[in-house]
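I have placed the structure first, in the form of C-alpha cells, so that the comments after it can refer back to it.
We just call them A, B, C and D in the order they show up, numbering each chain from 1.
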C-alpha cells in the first residue's frame, strides 16, 4: 500500500485505488528496477515497465504518447504515432544512458527470437529519461547493458518499490529528493470494471512551487536542496490500463497527465522535459497476423472515458507525491546532502489548513 | 464513365476503378453540385460530399484529415482529430465563402433535428476551399446559403458531373481551366472487396509543371493561361472508402494523397493550400449512444492497407487529371479567356512518348 | 482594475499585473464587445481582440495556437501553423455563430482594401467559440453580421468590460454564471520590460471542481446551477504579448495556458473544447513585402521565457476567476436562474483557509 | 562530380547544383563514412553529417524534422520540435545499431567538454536508420562505438563518397543495390545566393515502381533482386542549407522531401519508415548565451522560399538516383547476389523515351 494514503492519511482525489495502488493493479503489468550505486558517485538506475509477461514483440499493445514539453528524450514516438502500437518494454533511465538502454532492449528482444523461426529485423525500443545529474555523476555513465537486462528480467507483478530505486535513484523534485512513484484508480464502466495505473519519474519543479492537495506549501518548508539551476528538470509518466481504448483514445489519456502534473504546482518550465505515454492491455495486436482485427473500445462520449481521464489525473498526482514521500535523503556525487521531504512539517502545514487530512 | 480513361485511353496506375470511376462507387456516398454563374463575373459554386444518405449527425463516420501545406482553410480539423469522427457533409467552395457554407451546414443539420426531441447545441461543419479568384469575381461573394443548401439537397449517388461545375466552376490548374474531378479504385482484401473513392478540387500548379503518366508535358503545350501570380494555388482531396479503418488509419490514407498530387508534377508551393481528408462508411458511430463500440479494422501490416494506399494515390492522380480533361474554356471575370487543356496536343505528346496510351 | 484583486484582495500568483490588469496592457491591443440579448431568449454576443489598431492584413503578427482538447472549433489553425502569422482580428462567439463571424471578418477586412489597389483574394479569419446553449437560445442563432462588425469597430484600448458581455453573455462555468475575463502580467527581461495579457472565455467545469488559489471550494458552495449535462463545456484563451517571440515560442506560451486552466480545478473533460492561442505585437510582418526579415526573439534558455510562461499561467488563472467574479446572475432562455458565484461564501471559505486573502 | 549528371548526362530538374553537387556545397557541412564489412556477413556502416566543424553543442543550429511515414526511428525529434535546434551531428546507421550510435554521439560530445568548465548533463543525439537486413546480417549488430567515432572524426568537407559506403553499405531500393547519395542546388535570393544540399539513404521501393525523370522503367528492367518481402523499406533524407530559415521554415523544407521521394516512383508503403530533417548553418545559437537573439530569415511569401522548396525536391530526387547509380553489386549475408542498377538498360530505356538524356 502506498504510504502516502496509508501512513499519512493523504487521500488524493475522489477515485478508488486498486489493491496495491500502483500500476501493477492493471492485470498483467510488470515493473522491474535495477539501482546502480557506487562510491565513485554513481547514483542512478533503470526502471522497466512491461505491459504483459508474454512476448511483447509478438503481442504488441495499443499505445500512444504525448510531448508536454519536448526538452528531453523519449525514443520510439514516430512508430507509436504511426502504428499505434508498443512492441517492447518501456525503460526509464538517466539522460545519458538512453543509448545503452536502447541497445539492451534490442538484446533482450532478440534473445526471444530464434533466427530461423522469425527473422526479426526491426525493433522499436521506447526509452524515457530524466536528468539525475544533480545527484548522480551522470557523466560517468554508470548504467551498463546488464543493469537494463536485470531490470527487465526482474520485472514482476508485485507492487513496485517506490522512491530511490531504479531510475528513481537520482531524482530530485521541488527541492527535495525524489524517486519513482506509482498509483492506480479503478474505473467503472457500464460493461464492467477496469484499472488505470501510473508510474511517474518526477524530477521537476522549484522548491517554492510544491503544492499538495491544493495547498501551496513549497515556500513554507525549511531547508530544501539548493539545486544546480543549470540542470534541467523533467518528468516521465507511464500510464497503463486494461480499458479497451484505441491509440487515439490512449493519446487523450496521456494528455491528461499534464493536469496531474499541474496539480502538484509544477509550471512546465521551458527546460523541463515532460512526456507521458499510455498503453492498454485490452487488445493486443499479434505480430505477423495480417487478418482483419476486431476490437472493442470505450465510446468517446461515454462517462467512462471521462472517468478514465480523472483516473489518470489523480493517479499521476498521487504517483508524483508518492515518489517524494518514499524518497530517502541522499548524498550527491559532489558530497552535498539532498534532503527528503520533511514529512512532519508537510503534514503540519496540511493539518493547519484543516482540509488536508482525512 | 470518366472520359479520361474511356475517351482517351489514358489509364492511370494499375488498379481497377469501380463502376463509375468516381467517389460514389463507395456505397452510400452522395455528391451534389451547385454552380453559381452571373454576368457580373460570378463563376463559382459549391460541391458537397455526403458519406451516406442517412442522418450524418446521428450516424457519424470515422474520419481524419491532413494538412499538406497549410496556406488555406479546412474547418473542423481539431474536432476530427480529437474524436476521429465526421458529423456533417463536407462542403467545398471558394475561399471567401467558407463562412456562408459553414452557416448553411448548420442550417441544414438543424433542420433535421426537432428542438424538443434532441437539443443539439454543437455542430462541426467541415468546409474546404480553393481560391477561384483568377476566374471568379471572388470579392463579390456570390455564393449564398441557398446555393449550399441546393448542393446538399441535390446530392445523389449517381456519378458526379466533373469539370466546371459546383466548386470546380472557377478552378485553374497548371495554366489551364480546371474543375472538379473524381475517380475510384477497388481494393481486394482477404476478407472481401472494398472501394476507395476520391473527389479532388485541383487549383494548383504552374504551366511548366504538368506531368501526365510521368511525362512532363507542361512546358511543351501551347497557349496556357497567364495566371495572376498573386493568386495562390490550392487543392482539396476528399477520400471516401467502405474499408474498415480506424481514424488513425484514415489519416494514413489521407497522407498518401500527397503522392498522387506529386505525380501530376505539382511541387507543393509555399502559397498553395493543400489538404486531404478521408472517411470510412464502414463503422458509423451512433450519436448519443454511449455504450462500448465493437469495430473491425484492417491490420496495419496487411497487404490490404498498402493496396488502399495505392488506391488513394492512383485515384487522386486520376481525379486531378479528370478535372482538367473535363473542364471547358471559360471567360474570367476580367474578360480573359482561360483555355482548357488542349487534348489533341496532350495526346500527341503522350503518344510520342509511346507509353502513354493503352 | 480587476475587482478580483482590488475589491476582494485575491492575489493570484507572484507576478505584477500591468496598469489595467487586462490584455490591453499589451501596447496596441484592442478589445471590443457586442452583447446580444432579446426577450425571445437570446443571451449571447461577440468579443473581438485586435493585436493592433493598424491594418491587420497588411501588418500581420506572429502567432501560434494549441489544441488542448479539440472537441470544439477554432478556425484558421492550419494557416497559422504553416505561416506563423495572424492576419485578422480574433473573434469569439457562440458555437453556432462561427460562420456568421467568419463572414463578418471577411466583410470587415475587404472594406479596408480597394479592389484596384490590392486585389486581396484570401483571408484567414480566426474564430473561436464556446457553447452558451445552457443560457442562450443558441438554435435561434441571434448573432448577425452587424453584431460582429460592431464588436470590431467598437474595439478600443481601454480596459475591457468583464463578465456577461460580448461572447461572455451566455457563459457558465463550475456551476455558476461565467463571462469573459482578462488579466495581465509584466515580464522583465535583461533587455527591457514587456507584458503578457490574457483574455479568457471560460465555459467549463463541474460545480464540485472549482478551486481558488489552490483551495478546492467547489463542493462547499451552496446552490450552483444545475447545468444541462448534455451541453459540453469549453474555454478559449487568447494570449497577447509585446515580447519578441517566434511562432514556435508563441506555441510554447499557448501550451502553458493549460496549466492555468488546471489551476482552477478543471479536468479537461473529453467533451470540453479547450483552445489557446498567442500572438506578439513585437515583429509585424508586412503583407506583400518579400524581402528578408530581421527579427529579434527571446532566447529559449533565458529566464525571460520561463517568466513569460509563468505570466501566461497566472494571467490565465486570474482571467478565468475574474470572469466568474464579474458575472451577474442571469435567467436562461428556458426560464431558469443561473446564479453568480456567491462572493461572500467564497471569501469566507478562503479566509477559513487562512492563506487565501492577502 | 556526381556520375549521374556527368557520366550519364542525366539532368534532374531545372536548378543548378553547387560545385560538388553534394551536401558539402553548403559551406561548413562535413560528411564522414565508416563502412563495416566482415566475412561473417556484416555489410553495414555509419554515415555522419556535421552542420559545421565547430563545437556543435556550443553552437547549435536551427533545425526541424518531419515524419513522412513513421514506421522507423529518428531519435531526438521532440527536442528539435520544442527548441528548433540541433546540437549534435546527425548519424545514420542500420536499424538495430541506433543505440550504439546514440551512445557514441554522447561519448564524442562529452570528449569536447571539460567537466570543470562546463558541466554538460544533457545531449540530444539525432540518429536515423534504415533496415539493411536484406544484405547485412543485421542481428549480428556489427556496428561498434568506434565505428561511429571513426565516421565522426573522419568527417570532411570534400565531396562524400556515394554508393555502398557508410550507412549505405547494406541498402537496397527498387530491387537493386542502393547506398548513400547526395546532391545540391543553388538558390538565388534578392539578397544573395545560398545552397540547399541533400544526403539521402534510400532503402525503399518495389522493383516495378522505379521512375527516372518521370519515365516508369522499373518493370522493364531485367533481373532485379528478389527482396525479402518481410523486410520493411525506409529512407532518411537530411537537408542542409545556408539560407537563413527559422525552424518553422526548415520544417516546410523538410516536408518537400516527400515530393522528391514520390518522383522516383515510391509510394510511401505502410511499412516504410520515411523521415526528413533540415538544418541551416545561417544562424547558430550559442549554448549558454541567454541574451536576445537577432536573426534574419527568408520571407515566407518570397520567391526565394519556393525556390528553396524546389531545390529540396530536385536534390532529393537526384540524391536517391545517385545512390542507385553509385552502388555496386553486393553479395548478401545469405549468399545472394544483389545486383546494381543495369546502367545500360536504364539509359537505353530513357533514350527510347527521347526526352531522358540531355
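Simple rule for what comes next: a residue touches a chain if its C-beta (ideal position, glycine included) is under 8 Å from a C-beta of that chain, and two chains touch if they have at least 3 such contacts.
Note that the coordinates shown come from a computational prediction; the quantities given were computed from them, not determined experimentally.
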Centroid comparison with chain B (C-alpha atoms), farthest chain: A
Contact-richer chain pair [A-B vs A-D]: A-D
Between chain A and chain B, centroid-to-centroid distance (C-alpha), Å: 44
Chain A and chain D, separation of their C-alpha mean positions in angstrom: 35
Two or more partner chains touched - positions in chain B: 69, 82-83, 252, 300-301
Of all residues in chain C, those that touch chain A in their complex: 68-69, 211, 213-216, 252, 255-256, 258-259, 262-263, 267-271, 300-301, 305-306, 309-310, 313, 352-355
Sites on chain D touched by chain C in the complex: 82-85, 189-191, 244, 246-248, 252, 285, 288-304
Contact set on chain C toward chain B in their complex: 67, 69-79, 81-83, 95-96, 98-106, 110, 115, 119-125, 131, 133, 138-139, 141, 228, 230-232, 273, 275
